[in-house]
Structure formats: C-alpha cells, structure tokens
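Mind looking over this structure? Questions follow.
The letters A, B, C, D, E and F name the chains in turn, as written, and every chain counts its residues from 1.
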C-alpha cells in the first residue's frame, strides 16, 4: 500500500524524518509532496523546491528501505480544487498522513476513497520549521535539529546567509 | 431599472436580506454578485461559490418578487480592472448599491455612467459575516441571524464542522 | 432532482432551447453553466459572460416553469481539475447532460456519484454557434435560429458589428 | 495632446517608424505600448520586451523631437478588460492610433472618451514583422527594412541565430 | 556528476528509455523533468503528471542503477524565465541532455554554466509519443513501443479509452 | 554604462529623486523599474503604473541629463524567477542600485555578471512612501516631500481623495 504525506519542509528536519520512518513501518511505498513548491527566498519559505527535493532525497536514500516518490506541488490557492490538484500530480496512493485539520477536512470532502491517518507528533515544541529558521537567523545551533544531509544542502546554498538577507529586507521601504 | 449589489456572503444573512428587500422596492431587477467566488474553506471565506449561490437562491425564490440574477465573480486582484471585470460578468445594470468606499471610488472612476447608492445599514454591530462565523466556531446560536434557507444549506454541507476544522489548522506548522 | 448543462452559448440558440426544454421535462431544477466566461470579442466567443447570461435569462424567464440557476464559469485550463471547479461554482446537482465525450469522461473519472445523460441533438447541422456566427458575419438571416430575446440582446450590444470588427482584425499584423 | 500606439514590434521596423513620424506631426507626446511583453523566443515573438524597448528607444532618441513614453504591456487574455489594462499601465492619452479593427472596437466600447485614428499604412506588403522574421530565417537581406539601431540590437543579442533555433525546435517531438 | 533530461513523456516509451540508459552510462545521477505537468486529457497530453511519474518510476526502478530524481514541472509560458523555473524546481545538475534546439538555445542564453549535450536519437520515425497515441486511437499494437511497466499504468487508468473520448470531443460544438 | 533602480514609487518622492541624481553622476543611462505595476487603489499602492510613470517622467524630463528608461514591472510572486523577469522586461544594464538586502541577494544569486551598488539613503526617517501616504490621509502637508511635477499628477487624479476612500473601505465587512 502507498501513503502520502505533504509538507513545505522549510527545511526537512528530524521531526519530519521520524514521521516518515513511522509511515515506512506501515506502507510499502511513500509519496512525499513538497507543498508551496513555487515559493523561496521568504522568511517562511526560504528554500526552493529543488533544494528541498535534494534535502529529502539525500536524507532518505540511505534511511528508508521503502519505495520513495518525491513530488513538488505548486500552490493552487483554491481550497475546493486542492485535492484534485494533488491527485493529478501524484502517483496513486491509498492513505494520507496528516495532522492538519484542514487537509483532513479537504481529503474527506473531496476524496472519499482515501483514508486519513494522524501520525504521532514528535517533540512539536522544539521541532518546527519556524523554530529552526529562527535559530538560523539568530546564529544559534540549528544543525542538531536536522539530518546531516539537510545541513549539507543548506550550507552548499549558503542558506543561513540567505535567511539573514531576507530578514533584513523586511525593514526596508523607500 | 436594474440594481447591482456585490458581497462575499459568507454566509448570506438577515442584514443582506434586508438590503436586498430595500433595493427591491426601488428596482425592477436585482443582480447579486458573489465576490471572491474562487475562495472557500478559509476562516474568512468558508463556503464555496456554489453553496453561496444556493443560499441566496433558496432564500430569495419566495422572498423577492423581482427578477433576480445571481452572478459568481472570481477575484481579479487588479483594482484598476475590477469594474471592467464586473461589467463583463454581469448583465447590464443602472445603479450600484454599496457602502464600501473603495467600491464607490472604483465605480465613480471607471464607470462614469453608473449611479452609486448607499443603502441603509441594518444592525451592523450584530449582523456581519465575521460575527456569524465566530458564533459558529464558538458553538453559540447563529441561526437567528440568517434566513432559514441559509441555515439549511449550511447544515447540509456540515458547515459548522468545516469552520472548526479550518480554525484548527491555523495553529499547525510542522 | 437537479440537472446541469454546460455550454459556451455563443450565442444561446434554438437548439440550446430545445435541449433545455427536454431537460425541463425530466428535472425539477436546471443549472446552466456558461463556459469560457472570461472570453469575449473573439470569432469563437464574441459575447461576454454577462451578455450570455442576459440571453439565457431573457429567453427562459417565460419559457421554463422549472427553477433555473445560471452560473458563469471561467476556464481553468486544467482538465484534471475541471470537475472540481464546476462542483465548487455550481449549486449541487444530480445529473449532467452532455453530448461531449470529454465532458462525459471527466465527470465519470472525477465525480463518480453523478449520472451523465446524453440529450438528443436537435438539427445539429444547422444549429451550431459557429454556423450562426458565420451567418452574422456574412450578413445573412441569423435571427431565425435564435430565440427572439437573444436577438434583442445581440442587437442591443451591436453584436453583428462586433463580429465583423473581430473578423477584420484577424488579417492585420503590422 | 498625447497619442498612443500599440504594437508587438517583433521587430520595430521602418513601417513602424513612418507611422510614429506621422503621429509626431500631430501630437506633442507619443506613448508606444509594447504588446505581448511577456512573450519571447517564439517564431511570432522572438524578442523580449527589454530588447524591443531598446530597439524603439535607440531608434527614436535621435529621430523624434516629441516627448516619448515606451510602455511594455503584458497580455491579459481578457478582451473585455484589455482597455482598462492599457489605461492602468499607460500615462494618460487623448487619441489611439490603430488600423486594427478589434483594437478600434474595444476602445470605442470601453473608453468612450478616446478618439481612434487610423494612420496611413506604409508599404504593408513588404513591411510586416512576419515578413522580416522570414527573411532572417532564410538568410536573406532584412536590414534594409529596419532602422540601423534596430539591426544593432538584433545583432547584439544574436537574434537571427535565435530565430533559427526556434524554427528548428518546431519539428521536434520525442 | 548529474544530468537533466526534460520531456512530456506522453507516454514514456522505449526511445525515452534508451536515452535514459545512454545518459546513465555517463552520469552518476539522472534528473528526469516531466514537462507540461499541469496538462492531461488532451490529444497531445492525455496522461496526468502523476500517471507519467508512475510510468517512469515503475520502469526505471529495476532498470537503472543510478540515483534517479523525477520532477514534475508545470509550464510557465514565459520562455525567458523557463530556465530559472527549471533551476528552481530541480535539484542541482551539471549537464542538460536535449535534441530540442529551443531548449539548447534557452540553456545557453540563460544558464551559462551548464553544458548542453545532444544524445543520439533512437528510431525517431517509429518512436514518438504522437505516433504511439495514434496507434492507441486506431486500436493498433502500441505495447511493443513502451516498457511493460508503462503499459501496465496505461491499462490501470484505462488510458486507451480516455484517448478515444478526447478524440471524439474534438468534433463537438453545440 | 547603465544603472538600474527598482522601486514601487508610491509616490515618487524627493528621496527617490536624490538617489536618481546620485546615480546620474555615475552612469550614462538610467533604467527605472516601476515595481508592483499591477497594483493600485490600495493603502500601500494607491497609484496605477501609468500614474507613477507620469510622475517619474514629468519630474525627470527637465532634471536629469542622462538617457532615461522607465519600465513598469508586474509582480511575478516567484522570488527565484524575479531576476530573470527583470532581465526580460528591461533593456540591458551593468549595475543594480539597491539598499534592499533581498534584491541584493537575488541579483547576486541569479545574475552573477551584475554589480550591486548600495546608494546613500537620504533622510530615510522622513522620506518614505508610507510616511507621505499617511500625511495625505491625515490632511497634513505632503507636497514638501515630493517634486512639484509629482504633486501635479496626484492632484490631477484626485489622489488624496482616493487614499481616503481606500482607508475607509478597510473598516467595512458586511
């Protein structure tokens, strides 16, 4: 059976990894949808879809024994069409893994055949993308919270510097 | 003569109904534009255009003796083109009814032939879409503020549950 | 029960009217979706959505005893999302009436609960929008093929002259 | 008084130059709208908006004594909104110069205050963008048909080679 | 080193497979971009991005020993931005493999650091997506021209029937 | 050599003018990109691109001896493509003048050949578009902060009244 999980992965962190491992115990195939694929270089979405694809691929190629599909998904900004959008971009799947009530609501309204499963949440307080981006901005230790392969990708694209540039530009209006 | 009124109608409530009745005393034909037609499943816009169309139709089919036109209108996000957008989607009309100063401004700048009329505001404090959506979220009485036909549509699509799901998802970032 | 029919209605003609009457014998409520609502002033789509709405409303307000919903629908240009788009813009319905194999295919793939019905085709050879637009362009009799109310709308917006202007512009490139 | 002329200018050629000179005898200020600004690297639109801006600026900076405004305009693909789009992007103007019947029709329908003037056509047979692009593709003399400054811009961006690449790609489907 | 190849893969066929194998002899990592990801259910693009992703994954999971990245890419319809679009969606790469002169032109203009390589063409006459779609439409043998895993995906989604429905709809205008 | 500066110019004010003069001492040609060209009639972007074009042209036609290019630029909302978007719309340039760290970051990442220069900031505290729009809204003196030609354009379009209408509409939801 095949499970789908969708996130923005800004960046892909240890919490995401634990959820993927948890799904890997239950499914033969895992589809990871990279949401807001068109976004980058903002405070909430600093990394491009290609960079996030690389983070996930590099981390999981040695981690997960399962068949893996990584699918960048541009936002559609039409909630009533979003499930059809996901279904058209993704190989077919049986179950959706999410803790987001809106995602759950949309799949239940618009894809009656799909089961929605809530995975456990691993140290939510510490492990969020927002928290990790803040640590980067403040020059604190962030590498403890992401897989080593993710830290490599971020360093290769000079991601911490990028986040600081973005933060600086928020104060500017001429 | 024909009058146009545009709203998001999230949901269509008793205040809207009173305005439509007030216009019906002045015009032979009424066009109701459903704004932000592409939106749904958000806190400010929970209902689809089709659901809002149904709310208005079901309420007014026995209420208003006038000829009625209901026209869903997707947002254009170009203020300088918005009047042309409305004119292209709507059957022709003579007067625009609005209390929104920007709508008034845009029609006066971009459609010099149309008269803009400010209808009276009925119990604005209590009767706003936002207030009614909050009552739904808090589990309080909201049905007193909408026509019975609107409450029926909302119940048929399980709208209160939908609003709660959306509210929950605002707290989530993984 | 409610039936949906979608067309571009450029213009709404006697063949369309016969189909609507045929549906009216079978359904209590009829939804008429105006496709390609964003188009106008081209050879294949000369009339705005608002003009087409007026054609249909003026024709049917005395013709059909059924409850009628007219819904302009902008193109989405994503076939795999089109059914979800229609479902979000339209009040709910039970059956779709169409002779277009792609529309049939899309509803069967993406809206399993809806029945698709093929209405009879009335004098297809003579009664197509394309044929009527050609008659307008050539200065021949076109009014015999459309309801009187449609001819009124076309004359009010000087539609024949518009079609000639559009035809002329196809030959121009500087 | 101010006159507006809109073209795609693929490329800006001697016929365009003659029309601009003709307008310059009648207006104090000339606005040149570069249509389809988003297009480039196709057979009908090989040059970017920036390249076309440079062609026009370089040609006219010594040619025309009038105040000149050059305004790139992305396509909107909504004919009924196109005049509002032009009005929002362009400084204000009094007259529109065009031989395109659709442009004339749209300005007369949607901008009642603007006069539409048909300028004379200078050697239409020989001087069209399409003809000049074909000469480029066939390796024939095209420079005789464009201002020297335009030929300079095209050579600087290696425009003839670009057109040949585009032509070649039309034959490919794997 | 990493090589990128982009195609629409409607469907992924034996010619594509041979090219991928040829690249696999030269690169450690292969990125396959699925172009026109938003398209489906048309004569030139019958299959969704998700279906095409499945075709490629199922074929190559046992075929190619290399690291493989599959990246759906929606069209941007702005040639001058297309290379930046590809770079943002794709993990980083060193070389582009293409026989399309426009793709070559665009990468050479807009991504000076990337080498463009023309792979050999394998039986172009017989092996094109268009040819295979025609065989499907005509009820002839098409399975000989695609990997077995691709034929499986097409049968699972009833793809031949879909192509026939689409072909039929081209003849309809009411 | 040619320098590029991009701003929203809501409105073009004395601070902008001083920067342009400072650039004019260093470059033979100046390109002024008008950002967010599609926006108007909002609190942060009250003026259309055409109005802003007129403000800049009227101010600089007697001020700057340099060759001047004014280029409206619609937002793309894709940061990773923004530099390619600017390059396609603008005549070619050598240097970018900006104090915005994100703009600097994007040009350094995506246009390696271009030098980025930070111009001095002239009385930032007083001279921002936001400050001037607030003065307009509050009925205070704003004309001291903009060139006389800019004040003329704003009065011609009744810009202060427009800003007040927009401000009023923010309080309305029915």
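Worth a mention:
Everything that follows uses one rule, which is that a contact is a pair of C-beta atoms (placed from the backbone, for glycine too) under 8 Å apart; a residue touches a chain by one contact, two chains touch by 3 or more.
These numbers were taken from a predicted model, which means no experiment stands behind them.
Listed here as common contacts of chain A and chain C: B, E. By number of C-beta pairs in contact, B-C leads over the other of B-C and A-B.
With rounding to the nearest 5, the Cα superposition of chain C on chain E corresponds to a rotation angle of 120 degrees. Listed candidates were A-C, C-E or B-D; the one reproducing the A-F interface, defined as more than half of contact pairs identical by residue number, is C-E.
Taken over every residue number at the interface, the positions common to chain A and chain E amount to over half, indicating a same-residue contact.
One inter-chain figure worth recording: chain E and chain F are separated by 43 Å, centre to centre, where each centre is the mean of the chain's CA atoms. The set of chain B residues that touch two or more partner chains comprises 38, 40, 48, 78, 80, 87-88. Under the contact rule stated at the top, the pairs of chains that touch are A-B, A-C, A-E, A-F, B-C, B-D, B-F, C-D, C-E, D-E, D-F, E-F.
Across the complex, chain F meets chain A through its residues 7, 15-16, 19, 77-80, 99-106, 109, 121, 124, 128-130. On the side of chain C, the complex with chain B involves touching residues 37, 40, 48-51, 53-54, 57, 61, 67, 69-72, 74, 87-92.
Taken in their complex, chain E has these residues touching chain C: 38-42, 48, 162, 164-166, 168-169, 172-174.
Per the touch definition, chain D reaches chain B in the complex via residues 76, 78, 80-81, 83-85, 87-88, 110.
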